[in-house]
Structures are given as structure tokens and as C-alpha cells.
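Provided herewith is a single structure, encoded as C-alpha cells, for subsequent inquiry.
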């Protein structure tokens, strides 16, 4: 088993979904059941492999890459086909292979208009390959390729299966992120040419740690990456694509977008920007931290002004990713641990919130908060699930959100030695204020949608039913994880800690 | 005969006559080429083209590529020109003079043509300056092919360049079928 | 001992009960309430057994001496400081006693155990470097030596001081950073304080569970109600057993969310859900203080969340005074919100929108004392940070005293019986906070203990009243004359009221008096400072307490019945808990009888049992000075309470005096003759019109107005302002400026495309021309560049 | 003989070919201009082959073959255009206009 995983595991888990998508192309469009089964089997197999990785992973040496695959790829630019996972990649990989099958189960009876499951499901599988690939790639060019693969399916998912404003939203999403990618690839090339080794191998680059790159150059290169990753995160003020994309995307798209796609940006910071360019990171860290905290407060204030539930949840992502970025900007082991935990927690929680919002949209045909109400009466279980997710999202201890938020705040009290302590402590206090606002908007939303009595237009609506089987199957694992991670955070911290310590050491060593 | 010819070409004494021959051929070719693109008679254009192609063949001879020269004469002068003439006939092109063979882009064409010419000339002159022709590369092949360049060429085609050759064959076949399919009257 | 090391079973049991009720409750014959009652019953028995085994443990003779021996029951890895102590102790055993100069000469011979304390006190950095990591020795070895010296000094005073031996068990929760640098643990820290809370929480919970099974029967969310009651108990127990501050945060917020759910139990009505939101959000504001305070302490203690670490370091000067001050002020903000202290108390009266048993359990007896408990738990931080000893004013004491006084004033103007009790709770919590603020640690916890009993009785009694009065809590309009129809409720209410007012010899008297005595040397010796201002404020508070409770009794139980229908006594599941709690509220005062009252001395076996049981002695607790029982003060406060009752009694019951006044007007001689008698009624007039009138009129109304308009207004205004600001930011900055920039870029691109599309003519030859020209130009650039 | 004289001749032929391609309207004439360009290339290939061995000649041969194919297909297309439109004027073919 270990040998098999060593040799083939990562290649299989990356390309199984793609293979599934190809098989689906060969099956005629009409046999929808077969299509769905193939998609589920492919992503299920990836999930099984993910579980095998979780079981076989050597947690004691989570700081070093494991299951490394290293093949020749594009020799002319010295780019190799390198895959590998460590403690930072593994939780995100696991999150991805978990979310996608759940989304597929949710889609079983729930293909958004205008239908065509064949195209829809194969796009999701293509997306999965892109996401997994990004998390396991250990070569910059390979990373970039996977990073960009993700864009296309998401563009089509929003543009074809989205809401009324889908064209605007999808184009905005595509252009905005592509703009960032352009700067990012320039930075990658600069890194290639500037470093002594002339390599894209991330292992070597991490070992080098920007040793041979001048400080000003590092700052410039980091700036390019900051745009590329920062837009994806998104950091204030580059977030405006997010609410539109989320609001217009179909439920499945929103869930994947919130759960995994946003993490590509933060993952990039942790995996690439920080350790490769320590001095650049140190120069940029205060700026990132300030923007992150602005994002926290700003996102929360914006949430308070929203009238559409999905848009509110989207803005809350801005605030939550602000906590993650603040933690990253401290450049400490504590902060990076918190950031990775925050990514996983945010993926689960906001993913769930979007699931629930999607299901509400199916039932109420609107997400206008002022029109909703009394969901605890008409669909009590859905209402309780929304309540649990809202509580988790506002960082309630005992649920997963807390372990992303509190350590993030904590880490800002004592940032890396070369950073300005007073600044970060001020930011810590402001960020803590953000938790109050978070409670405010989430509970405000919850009170207006779920408490009270149902408004007249929905009072006897037969379409408003409680949670159905497919929803239960796809939601239960996420809900369980939200609770379990809340009480056993070491499940994640055990994986991330050695790797995060190594990255923090690299980011502050230069 | 061939051996004599080669030895003749190989000598330094051949330089001057060869240069004179080249000059004459070149002048003819340029004039003919200009006529190809300026004449207002389609059939004449085809005939001027024959002159150019022939000149190219002669140039090949000057460059000691006799097999290519023969090929040039046979295929271009023989086959392709005939094909063109057939094309002219089949499209009922006016056999005499006609006024509207050119469009309104003549100034642009002249500018672009001169631009390309100037650029290439500049690059070529700057790069190769007054490099003499040097047939030593041929000599390397001669050792294998017993002083026979045609044989060497065929050896090269069927050994080192076999795969491109096969691909070209397939291309020709495809072109053949394609031409039939396109031109066939259903 | 088994119970002390396995205390985690108690919260786990309640959590299990929560899950069982949640998933299977609806299938059970009694809709899940039986699971809850059974679970809390077992938990209560376990808590009692734990208390018993703590009593034994606490009285055991200890092998060995000093702090290291006292900490022998602390599991390794739960506290860095204790581990250091143990290592130190162990190291000493193999070290020559005389070798204190750090020469490093080691002797494998016998150790002299008798000098361990001494050695600990005098150990210098050289020795530390030997037994500990270098970092530790560098940071605080010098300061560290001081505290141990304190305990040595105590021990050497002659009588052998009995050190408290907390039982700590923990498990790793998460590890962050390089191995060993920061371990986040969760576990149980069992000592007198947590055992006390275990008993209080399980006892009140048990009573409330039983009471609720009748009180909310027929409710449509009966099952959910019991599920969340169970979850609340679990969270509260989790909180009180907390071994690390981060575990405290978890428990703290979990009880908050249970409070949210239960206040909003009838969320169909908007006011209820508003109240729930207000409670949660106000608490969230205070939580900022908690989060920041914990963060500061975490780093100050060298990356440790362990409560023992924090306490040992704070008590021994291992953390600088400035940091402790900042941390304690932050934490006091958390106390303000959770324990309803001025200025964050406004949520508590509103929280009465929840079911009455919930108010009794959460908003009177247990959750709201979490703040008190937290301060008591981390007492060295506050004691050192606020310099409680030897001063006459500090932030904690001011907050408590102001709350105690103004909270009590507010209770006068309430018509709703539950709101009276709510303000009363605020005021009493203020007493506890003040007690902690002036250094009367045991008094605070003792008052917490007694208050839980009688205040729960009062709330449950109010519930019983409203059961009779058609679910109304309006005592002015819907009650009256209830003493005849609800005798059991009436008598328990009277007893609890007397206890609350501090009437001798009920429990409230003892606990309140201990607090008052703790304020320092106004009448006698003892105490930690001279907190005279606070003492006066508390006395005013105590006076008002007695008065408003008497008023409440008048409205609820006397006069004519003003409601409609026929009121009836509640069933036994309501009255039995009432009787049990009232009895306890009456008698638990004897648990902490003073050593001597004037000439009379209580035997040691019955005096100060509570203090001995609860208050820690040792390195993890500051050396506080205990006040003695203060006879003049006790008599004064008792007189004050009785006079308050009297004044109120005269005002309400004796309104008939007015016709006598009229009589004297008709008869001038009689009137003149009565003048001297009337003098007696000058007091009456003074009390009734001036003092009581002023207190219950303008002062209370002004306070109420201030409360409702200014304080509440700020909260509301902040919320509204945030929405307006959000709207403004969203509309003007986000949509126009930030998003506008993006849109303009797109428009510019589109315009450029509109211009460029004319180039696409479809004519191949133009393309060819363009292509060649462009290629030539580009190649030209290339050539020139290379050339 | 200089290398450059061949290269310059080729350059002149090529430029003339470019001119023809841009200016000529008749499809057949455009194809002829293309032939001019191809032959210019051939001269280059052969001239350079004196330096680098026979590869240049081989490719010149291939170019001849490809040119034959191209002319065949090209004329067929022109024929088809003629059949559909009764004209071989290329500048009337602007269906690709955007």
C-alpha cells in the first residue's frame, strides 16, 4: 500500500477526476444516471485515495515532502513534473477531495438550470483536478498550470449555470483573476532568472530562501505574487469580484469557490511567497496585515448593509479571509498554523452556508432577507443547520471557526521579531472588534431569516420542505467535521505544525 | 562528365565566369519576377514565372546542386507551370490584357515589399558580410558517397530524413485527395 | 481521589445527555426530559462525591513540604511552572544541601528534605540553569526566587501552613510551534473552588430541570428546551473545571450561546429574539476583553495557557506589574458583560424574556457568575495587577460598588417581578465583584454560593406566581393577595427574601457581612486595604435591596388580587424544588461561621469550613489577609436591612396614617398635642416622601432614564451607526470607487475594441500586408537590438 | 562567389513575392507570387547547405514537393471560388469582416 501510494498515489489522485471527465465525454448525453455515477465514482475514488493518504501519512515528519513524484517534464526550461505533499498541503487536499463528492451528491437531483449534467459534472471534475494539482504541485510552472486550469471550469459554471447577471459576474471573475495571474507568472519567471539555480523546483527554491536575491528585488517579486495570490484570496481592496461571482454562481459553484478556490491564494502565500522571498515578505507583512484588518472591518460593515443572503455570506468571506491573512502576515509558526486551520474551517463553514443558502433559494426562489422569515417554523431542521453554521462562522468555540480565528488574533500579539509589535497589537484589537461585528451581521441575518413567523407569501407554500435525503448525505460529513474539528483541533494542527514551523523559520530566517 | 564538371566548378578559376553568369541570370530573374507581379496579362505572368523558375534552377547549378536543379526544371517548369496554365484556363481568366488585375493597395504593397527587402538585406549584409561560398560541407558527404552528390543526397533522404520524407508523401497524398474533393463538381 | 481525577465525567455526561435528547428525545415517552433529569441527577451525585473526596484530600497529611509537594497531584505536562518545581525538587534530592553558591558540585548522597523549602527560596540562577532550560533561567529565575521565599516565610512562622493540593489532569489539545514551546491543553483542574461550582451548578440545574418538567410542559419545543439546558450544564461544568484559559474561553462562549438559544426560546415573537441577540452581542463586546486578556497573559507567561502557570507567575512576580494591569483591565471588561456589571449590564434585564427556569439557572445562579468565577480563578493576576492589597480604590472594586448601588436603585421602578429580580441579581453580582476587588476572595465565593440558592428560589417563585397569574409577570396589575392561594410559594419567597436582605441568621447575612468586613479597617482590623467609599456604596445597596424586596412582596402577595381568573398553587414538581432551595438558602450560612464573634469562639471544627474547603493556600494564590468578623458592622448592616424593611412596610402597609393626620386638623388641641407624636412621623415623612420618594422617584427614574436612553442608546446607536456606516461604505466607496475603477477598466477595454474592430475588414490581403509589415518591424527591432 | 549574392537575390525575389501577394487581385496570380516566395526560400536553403551539409538540399526538395501540393490544392480552391462566384477576385471575399 505504501509503495503504491509512493509511486502512483499523487498522480492518480490528481488525474482520476480528469479521467472521469474524459470517460463522461464518451458516454452519450442522454444517459444522465450513468454520467452522474461516473462522476461520483471518479471523485469517490479520489476521496478514497485521500483517506489512504491521511492514514498512511507520516505525521512525525510532516514538515518534509512525502510521496514525492519527480519526472522530467519540460527540460528546456528546467521545469520538472514534481508532486508531493506535506503538512500544509494535506489538509487542503483532504478538504478538496471531500468537498467535491459532496457537491456531486448534492447535484444528484439538483442540476441548476439550464441542465446538461454531462457538461456540468465534467466541469466539476476538471475543476477538482486543477485544485488538487495546485495543492500537490512542487514545481512553479506546474503549479501555475494547475492554478490556471481552475479558472476555466469556474468561468463556465458561473457563465452558463449562473443567475441573471451571470455574464457580468463570470467575466469579472475571469478577468480579475487572470490579471493577477499575469503578474504572478512574471514573478515566477523573475524568481527563475534571479535565483542562482535557475530552477522552478519549489524544494530547491525553499532551501535557497531568496539567499541570492537582493532585498529590493525580492520586494518587487513579492509584489507580483501579492497581486496574483491576493486577488484570489481576496484581500481588500481586490475583493469586488467575489460578491458578484458568489451571488451569480450556482450553489455548487459557490460552495467550491468558497470552500477551496479562495484557499489557492492563501496557500500560495504560505507555500511560495513567504519561504521563497523572506525579505520581501518581511517588507510586505505590515501592509498585508493592515489590508487584512481593513478587510475584516470592511467586510463586516458591508455585510451589515446587505439585503441578499448570498451576498452577505460572500462579504463575510472577505472578513474571514482577513483573519487568515492577518495570521499569515505575522510570519510566526503560530500564525501560519492558524492560517491553515482557518482555511480548512472557512472552507467547511462557508461552504455549508452556501449549501444552505442554495437550498433556501430552491425553496423560496429568493434570498432577499427582508422577504424571508420563520424558517425555523416552516423548515426547522434547515433552520437549525443554518444556525449552527452561523455560530460556527462567527467563531464560536467548540466549533471549527474558533481555531482559525482565535489563534490568528493571538498570533498578532507577538509577530515575528523583525515586525513592528505596536502596529500588530493595534491590529489585533481592531481584528477582535471584527468578531463582534461578525456576530452582529450573522445573527442579524439569522434572526430575520429563521426566527419569527413565516411571512404571508410563504406561509403555506408547499415547496418549502425540510432537508431532503441528498442534502442530508452531502451535509452530514461537513457538519460533523465542523463540530469534531472544534473539539479536536489537533487533527489539523498535528499535520500543519511541523510544516508551518519550517515555513515560519524560512520566512524569518533571511 | 559529371566528374569533370565538378572539378571545373571546384577550381578558383571558375570564380569569374560563374560570377558573370550569376549576374546575368540574376538580372533576368529580377526583371521576370517584377513582370510576374506587374503584368496585366495572366498568361504572360505564368510565362514570366517560368523564366524565374528556370533562373532558380540555374542558380542551383551554380551552387553545385545538380539534382535539385534537374528537379526544379522537371517539376516546376514542367508540371507546376502547366498546372497554372490549366488554372488560368479553367477560371476563364481573360487571356488578353485586363485592367483590374491589381487592387488598390499598390502603395502599401510597395512600402511593405521595400520594408521587407531593406530589413532582410540589412540583416544579411550585416551578418554575412563578404563570406565566400565554401563547399567544404559537401566534401564531408562526398567521402561517404564516393564523390557523387546525388547519391549522397538520396542516402540522406532515405536514412536521416526518412520520416520527414514519409510525412511529405502522406501530405502529397492528402493534397491530391483534397484537391479532388474540393474541385470535384458534384 | 478517583473522583478528583475523573471529574471530566460530569460535563461529559451532560454533553452526552444533550446529544441523546437532541437525537432521540422526541422518541421518548416524556419527550426527552427524563434523560436530562436522570443525567443531571447522576451529575449531582457525582459532584457531591467529588466534593466529599476533595474534603478528604484537602485534610490529608501531606508527605513532604513546600510547593513541590503541594503540586504533586498535578499531572506532568499540564503546567510548565509546576514541572519546573518538580524538577527542582527532584534535583535537590541528589544535590548537596550546602551547595547553594552554584558551584555545580553534585553529591549523590542523602538529601536533607527539611531544607527543601529553604533551598527553593534561595536557589540562584546557576542552579536553575542546571535543572531547567537556559531560557527559563534567563528570564525569571531571579524574580522567581522571591515567592517561594514568601511561602517559606509563612511556613517558618511557627504553625505549619497547610498547602492546598490541586488535582490537575490534562490532555494535549493542540501543539503549535516547535515541540515543547507551546502546548495547548485541556483538562480538569480540581480544587475547592471548582468543586464548589460543580456542586452549585449541578444542584441548581437539578432543581431547575425538575421544575421545568412541569413549568414548560406542553411547550412545542419541550425537547429542544431540555437539550439546551443539558448543553448549558455541560458547558458551564466544562468552564468551571477548566485547566487552561483557552478552555475557559470555550466554556465561556458556549454558555453564552446556550443563553442565546434559551433566551430566544420563544423566538416567534420579535422582542424575545431581540433580547437574545442583545444578550449575545453585548457579551461578544466583553469577549474582546477576554480574548485580548488571555492573549496578553499567554505570552506574558512564556507561552502557556495553563491557569496554574499564570497564577504562580503572577503571584510570584514572574510577570511584570504593567502587563498584569493591562491584562486585568481587559478581563474586567469581560466580567462586565458576562456578570452584568455597569456599564455592560443592560442585557440582563432584557434576558428575562426567556423562560423563568432559564432565568433562574442561567441569569441568576450560574452563567452570570462566570465572570466572578473567572476573576477568582485568575485571582493573582488581579490581586497583583490592580494592587488590591494596601490600596483604597481600584477598578474592579469601583465597577462592583457602582453596580451594586445603582442596580439596586433601578429595581424600585420595575413593575415586572422578573425585572426586579434581574436588577437585584445585577446588584448582588456587584457585591461579589466588589468583594473580589477589595480582596475578600472567600467572601465573594461564599456570597456566590448563598446567592445561587436564594436567588434561584426567588426566580422559581416568580415563575410559580406567573403560573398562577396566567403567565403574566406584571406584579402591579396582575398579582396581589397571592399569599392565601400560594402558601408554599409565599413562604419560600419570604425566606429567600429575608436571606437576600441579609437578615440574621439566614445565609445572606453571613455572606454579605463577610463582604462588608472585607473592606478594611473602618471598625476593626483585617482586610487588604481601606476601601471606605466602596463600603458606603455597598451599604446603600444593601439597604435598597431590603426595601425593594419588601415592596415586591407587598405587590405580589398582599393587597387584593388584581388579575383575572382563579389563581391556584403550582404542582409538586414546582414547589418541591422551591422548598429545597429555600431551606438551603436559609441554612448554608453555617458553613462559614467565623472563628469568633466578639467573646464567643466557635470550635475550629465548624468555623470557617467553607474557607478551608475553597480557598487555596500556596504558590498559585496570593497571600491575602482575612478580615475578622466585625460586630459593629454586622449590627449596623443588619439594622440597615431591618430599617429598610420597616420603612417600606410603613409606606405600603400603613398608608392609613393619613386619616389620623386629617383628624388632628379637625381638632386643633389634639393636633397641637399630637405635635410631639407627629415628630415621630417626621421620620415617616422623611422616609416616605423624601428618601423613599426620592429614591424611588427621580433618582431611580433618572437612573432608569439614563439606563434606557443613554446607555441603551449608545448600544443601539452604535448598532445603527454601524449599519449606516456600512451602507455608506458599501454604496459610496465599494460600489462607486473601488468597484467603479474595475468597471472603468472594462469599459476602456471595450471602447478600444470598438475602435480596433474597424481593422478587421475580412480582406486577406490587407491582413497579409499588416502581417508582413508587423513582422518586418518586429524583426527590425530584434535585429537592431542584437546589432 | 559570395554567399550574399544568392541571399540578396532571394531577398529581392521574396520581396517581390510579398508585393504580389498584397497587390494582386486574381487568385491565380496570388498563387504565383507565393511560388516566387517559395523559390526564394529554396535558394536560401541551398546556399546555406554549402555550409551545413546536405540537409538544406533535402529540405529544398521537400519544399518543392510541398509547393506542388500547395499549388494543387490552391488551384482547386480557386476553381471552387470561381465556380461559386464566377470570379476569382480575392478582394471580394470579405466574409470574415468583423
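Residue numbering begins at 1 within each chain, and the chains themselves are lettered A, B, C and D in the order written.
To be clear about the criterion, a residue touches a chain if its C-beta (ideal position, glycine included) is under 8 Å from a C-beta of that chain, and two chains touch if they have at least 3 such contacts.
Since the structure is predicted, the reported quantities are computational estimates derived from the model, not experimental observations.
A.B. asks: What chain is most central when centres are computed from CA atoms?
C.D. replies: Chain A is the most central one.
A.B. asks: Taking the mean of the CA coordinates per chain, how far is subunit C from subunit D in Å?
C.D. replies: It comes to 92 Å between the two C-alpha centres.
A.B. asks: What whole-number Å value describes the gap between the mean CA coordinates of subunit B and subunit C?
C.D. replies: So the centroids are 99 Å from each other.
A.B. asks: Rounded to the nearest whole Å, what is the centre-to-centre distance of subunit A and subunit B, using the mean of the C-alpha atoms as each centre?
C.D. replies: Computed value for the inter-centroid distance: 62 Å.
A.B. asks: Taking each chain's centre as its mean C-alpha position, how far apart are subunit B and subunit D in Å?
C.D. replies: 10
A.B. asks: What parts of subunit B, by residue number, touch at least two of the other chains?
C.D. replies: 103, 105, 108-109, 112, 116
A.B. asks: So which bits of subunit D are touching at least two other chains?
C.D. replies: If we look for residues of subunit D contacting two or more partner chains, we find 18, 22-23, 90-91.
A.B. asks: Identify every two-chain combination in which the chains touch.
C.D. replies: A-C, B-C, B-D, C-D
A.B. asks: Note which residues of subunit D are touching subunit C in the complex, please.
C.D. replies: Touching subunit C from subunit D are residues 18, 21-23, 30, 90-91, 93-98.
A.B. asks: What does subunit C use to touch subunit D in their complex?
C.D. replies: Of all residues in subunit C, those touching subunit D are 757, 760-765, 768-769, 772.
A.B. asks: Touching residues of subunit B toward subunit C in the complex: what are they?
C.D. replies: 103, 105, 108-109, 111-112, 115-116, 119, 122-123, 126
A.B. asks: Help me check something: in the complex, which residues belonging to subunit B touch subunit D?
C.D. replies: Counting only subunit B, the residues touching subunit D are 15, 18-19, 22, 26, 29-30, 33-34, 36-37, 42, 45-46, 49, 52-53, 56, 59-60, 62-65, 67-68, 71-72, 75-76, 79-80, 83-84, 86-88, 90-93, 100-103, 105-106, 108-110, 112-114, 116-117, 120-121, 124-125, 128-135, 137-138, 140-141, 149, 152-153, 156-157, 160-161, 164-165, 168, 171-172, 174-176, 178-180, 182-183, 185.
A.B. asks: Sort out for me which residues of subunit C touch subunit A in the complex.
C.D. replies: Interface residues on subunit C, with respect to subunit A: 172-178, 182, 235, 246, 249-254, 257, 260, 264, 267-270, 273-274, 277, 280-281, 284-285, 287-288, 291-292, 294-296, 298-299, 719, 722-723, 725-727, 729-731, 734, 738-739, 742, 746.
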